[in-house]
Amino acid sequence: MILYLLRRVFLLAFVFIALSILAFSLGYLFPGDPLQNFTGLRTISAEQLPLLIAEYRMDQGYIQQYLGYLQRIISGDWGLSFASQQLLLVEIKMLLPATLELAAYALLISFFVGIPLGIIAAIKPDGVLSKAISALALTGYSLPIFWWALLLIMVFSLWLGWLPTAGRIGVLYEIPYQTGFMLIDILLAQSQYQQEALFNALRHLLLPTLVLATFPTTVMIRFTRDSMLEVWEQSYIKTARAKGLSRSQVLYRHGLRNALLPVTRQIGLQFSTLITLAMITEVIFSWPGIGRWLIDSIYQRNFPAIQSGLLIISTLVITVNMLTEVLHTLFNPLARKR
Amino acid sequence: MAQFGVISAELLARSPARQLWRDFSAQHSAVAGLVLFSAFFLLAVLSPLLTPHDPYLQNDTLLLLAPSWSELGQVQYPLGTDDLGRDIFSRLLIGSRYSFGIAVITVVGALLMGLLLGTLAGMSRGVKSSVFNHILDLALTIPSLLLAIIIVAILGPGLLNTTWAIMLALLPQFVHGIRNAIAEQLNQDYVIAYRLDGANNWQIFSRIVLPNIWEKLTLMATMALSTAILDIAALGFLGLGAQTPTAEWGAMMADSLDLIYLAPSGVAMAGLLVFLAVLSVNLVGDGLRNAVKKRRDS
Amino acid sequence: MKTLTGQAWCRLKTAGSTVMLCSMLTLSACQPQLPEAVRSGLVYCSEGSPESFNPQLVTSGTTIDAISQQLYDRLLDIDAQTGELKPGLASNWQVSSDGKVYHFSLQSDVQFHHTEYFRPSRALNADDVVFTFNRIMQKQHPFHYQGGGNYPFFQSVDWAGLVANVSAEQPLLVRFELNRPDSSFLSNLATDFAAILSAEYGKQLLQSGQLQRIDSHPVGTGPFRFREYQKDVLIRYYRHNDYWREPAKPEQLVFDIVPNNARRMAKLFTHECDVVAFPRIAELELISKRADVDVQESTAMNIGFWAFNTAKAPFNQVKVRQALAMAINRDAILQAVYFGHATAANSVLPPTSWAYNANLEPLKYDPAQAKALLAEAGYPNGFSMDIWAMPVQRLYNPNALKMAELMQADLAQIGIRASVVSYEWNTFRRKLGDNEHDSVLIGWSADNADPDNFFRPLLSCSAAQTGSNRANWCDENFDRLISQALLTADQKQRRSYYMAAQQYLSEQMPLLSIAHSQRFQALNSQINGVQINPYGGIALAGASKEAK
């Protein structure tokens, strides 16, 4: 087990190095002056130039430059954004929690809706209910998320006027930034309108979460159902049934546990999909998260921001993936042998 | 199987492909999906002949014409015109070339590249293969759309760049799937027997492995196709893929978003087509999957 | 990561139950009792981010709307109805007989904003006014080069050449000394650009070495004080409770920055925005059908026109220019391009200007006479020409290309073969500056109510040299008229000069005035007390929400 963990840690380190090399080389791959791409300064004056060249080791070889880059990344100096001329790390710290918050709620919905529906669909694979769930899952699976989001906005915001179309909270509520997670920040803020603010934030949260949760939920339904049906074919289930246990008893005692094990592995995979879909959701709902920021940066050719945005998102995705894999292995001794 | 009485059951059992088709066609949803899929495919090929108007021709006298079912519409413009007087129906038809046609090309390209790399990975062993596999696993954890966005960020927006980006983004899953399928085949007793008979790698690959993995390839291709359609449309919608005035469905949706109050049908129709295209692919994929499973089980 | 999942679990439980609760609440349309800052707060959805929080540094209307009237006061103000000057921070003012020395007495007890970053120790006095204008005029002023050292509005009126000295004679008395009389001087002081800053705040910033904060963390005397700015997201102001006039009604004012037109409309319909800037003309009909939304319009001080390159043949002939002007069906243009939301222009000046010449003979649409005039000028069979159409949408011309196509058809009737030319905006302006055009569809938005602002930058000889005179027209008679108008302070006399100038223009026809477009704003019908100011930025201090 320790060997396994060590191997994983080693792999993670390898991955980060590969990622940082990629991010570093982007400074050269992007159009424009590499020094501007690294520093994020829009204009570099003549007196600044020699200082910066020395600081960024531009006069030395690529390997020296890369090591300098790595050092800066680790020490938290990620350069400036072309657009706002602010520190990138500060901007990312402001934006990332918004994305994580949205993704976390969507992920939870996908679990608490997807798994039960998947199980129900597996109980009687040929029943009407099961067919309906499967059809629903297939529909949800095929929905282009941006179209779905627009349809929901058209119905619930513009037509019925029930829900807001954009943002995390009504702009009149001033919630000071503390953790970046809106609901926590509201609870931490000692304001007189805590309850109303919470209510308002939830109304803003409802549609984006629903939109974002659609795809992972349907994946979850399909995965759980298939996993259950597969377990159903295993010999130990057949043995249990032969012993005279009813279908639901077998399902509960033997099937569920074994079927849900691979589901835990899904967290990681779902998370990465979620982050991508969150980018689109954020654009449509004007959600001030890292995805919308990254896409805006691509429009604005804000190369330093693209560089660090990619680094942070890939790191996040890969770390979560690796962690869930380790967790999965922890719970499932069979997987350790691989 | 009474309805297939013309062909004897014996004959059917002999050919795996026919058996697969029998299991596939027994599913209504799958057949419906296939019909829809074929329709999209034909549309992508024939759309220049079918469009009633030039999809890029601006007509200043007919701006924002209502669809023909409304009192204000005209029969010649079934879905009305956009804010530059272009026929929406023609634009949607021609859009199938970009959103659907390019997705097919992308998947075929990725499949061929994946076959090459996956075979090399599957047939080789040792440290090289281990490093390769780790990198592959890494690339697999990043979703295709994110990977495509990264690549577009480097290459710059545009339809051609999107095609390359999605092709590259789809590659890891093909390589991974093909490698595993080949590795599985290589462990089979009949491969070892064939090898003992003196067959070389190429013979093993072309005579045994390839015929045995084509089902998996098709399944992978359908899954990749639905991803590719969604990704092309998503990138177009975000303004990173096809650029205006290209009549790509995602880009058209982004365009008509500005007119959502005056002409909501523009947003609705383009999105509906993307949805239907993806649905048809998924229906076919699901049908195939079930049929393969059934055949294996029997 | 484990703990994070734990937190997420807890949050889901609360979120789950509250989502149920809130969807139930929305369905029953039951609104919770809102606190004052939210209930009376006003949300203005603007079309873009401000460039700076100091109006001296900018010209863009977006920035002016967001900052000028909310954060600052000026020495003088413009009456929104009459367009006349009225007291602002200066309660009264005197001009010397030679028109070169101005004295302004300041209001007493005008308080500056009390914010997190600045606590004023005194009320407004003459030092603040001196500080404000010296920053613009004196290159050695510590703040002069802060923000680039460009003061576009003040440079365009040659402020540095006009004003010799600004000094504080008494604590509440300021003296302006000019190099020459200029009757537009007071109007320029009343523009949104001439906001009064705090000298005490400047001193504090000098001591702490944070000079750049003067333009990013503003302190003024206006009805609202600055609270926060998130770039491309929002600007938050709170009420300035010690405001020297009647305090603002909203306790909070938020500028929600929404560049996308469709999104701004969506936010209006869902009541996320109370007031929306620049609704699209094409959608006005749709908006006005809704009961919960009102549309306001006002004639803004602008002019859309068709300028002929008078240095080129055949446009150097008055008769040709008159013929061309007569051939255009302006009513059709008003309908198709402005959707009827503009007034036909008879003069360069809008009818709301005090110098407007109401006696001008309206120009008739008369193709037959136009043809006759062409023949008299020696072109019985017409000729070929270009119409340059600007590629961008502006208030004064929402669709120049469409307008050009309409005019093309009109001109064909009198035998003129016109072709429409357009380039990318920057190229367009560069080529225009080089006078490569035959004729061009463009326009002008005024910075202040003074008529000079329409004549001098558009049609004077000096403007022809700097390239802003699109008609490339330099006429001694006209230049004499508008220069004389500036040298006198007597409004009656000035008016007679401008009347004559307009009469002369309508005879010479260096350009065809097409329309004065209205400016629009859509707002929630519960909002009262918001009006569009035709002379500058929007004022929101008087807005109140009337809960139904």
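Order of writing sets the chain letters: A, B and C. Residues in each chain are counted from 1.
Note that contacts are C-beta pairs under 8 Å (C-beta built on N, C-alpha and C of every residue); 3 or more make two chains touch, one makes a residue touch a chain.
All values derive from a computational prediction rather than experimental measurement.
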Closest chain to global C-alpha mean, per-chain Cα centroids: A
Identify the chain pair with more contacting C-beta pairs: A-B or B-C. A-B
List the centre-to-centre spacing of chain A and chain C in whole Å, with centres computed as mean CA coordinates. 44
Calculate how many whole Å lie between the centre of chain A and the centre of chain B, each centre taken as the average of the chain's C-alpha atoms. 25
For chain B and chain C, what's the span in angstrom between their mean Cα positions? 52
Give the residues of chain B touching no fewer than two other chains, as numbers and ranges. 257, 260
Do you know which chain C residues sit against two or more other chains? 266
Where in chain A do residues touch two or more other chains at once? none
Complex interface listing, chain C residues touching chain A: 1, 8-9, 11-12, 14-16, 18-19, 22-23, 25-27, 32-35, 37-38, 41, 43, 227-228, 231, 233-234, 236, 252, 254, 256, 258, 263, 266-267, 269-272
Of all residues in chain B, which touch chain A in the complex? 29, 134-135, 138, 141-143, 145-146, 149-150, 152-154, 157, 226, 230, 233-234, 237-240, 250, 253, 257, 260, 264, 267-268, 270-272, 274-275, 278-279, 281-283, 286
Spell out the residues on chain C that touch chain B in their complex, using ranges where they run on. 260-262, 265-266, 282-283, 286, 402, 405
Per the touch rule above, chain A residues touching chain C in the complex are 84, 104-105, 107-108, 112, 153, 157-158, 161-167, 170-174, 183-184, 192-193, 195-196, 198-199, 202-203, 205-206, 286, 288, 319-320, 323
Touching chain C in the complex, chain B uses residues 60, 257-262
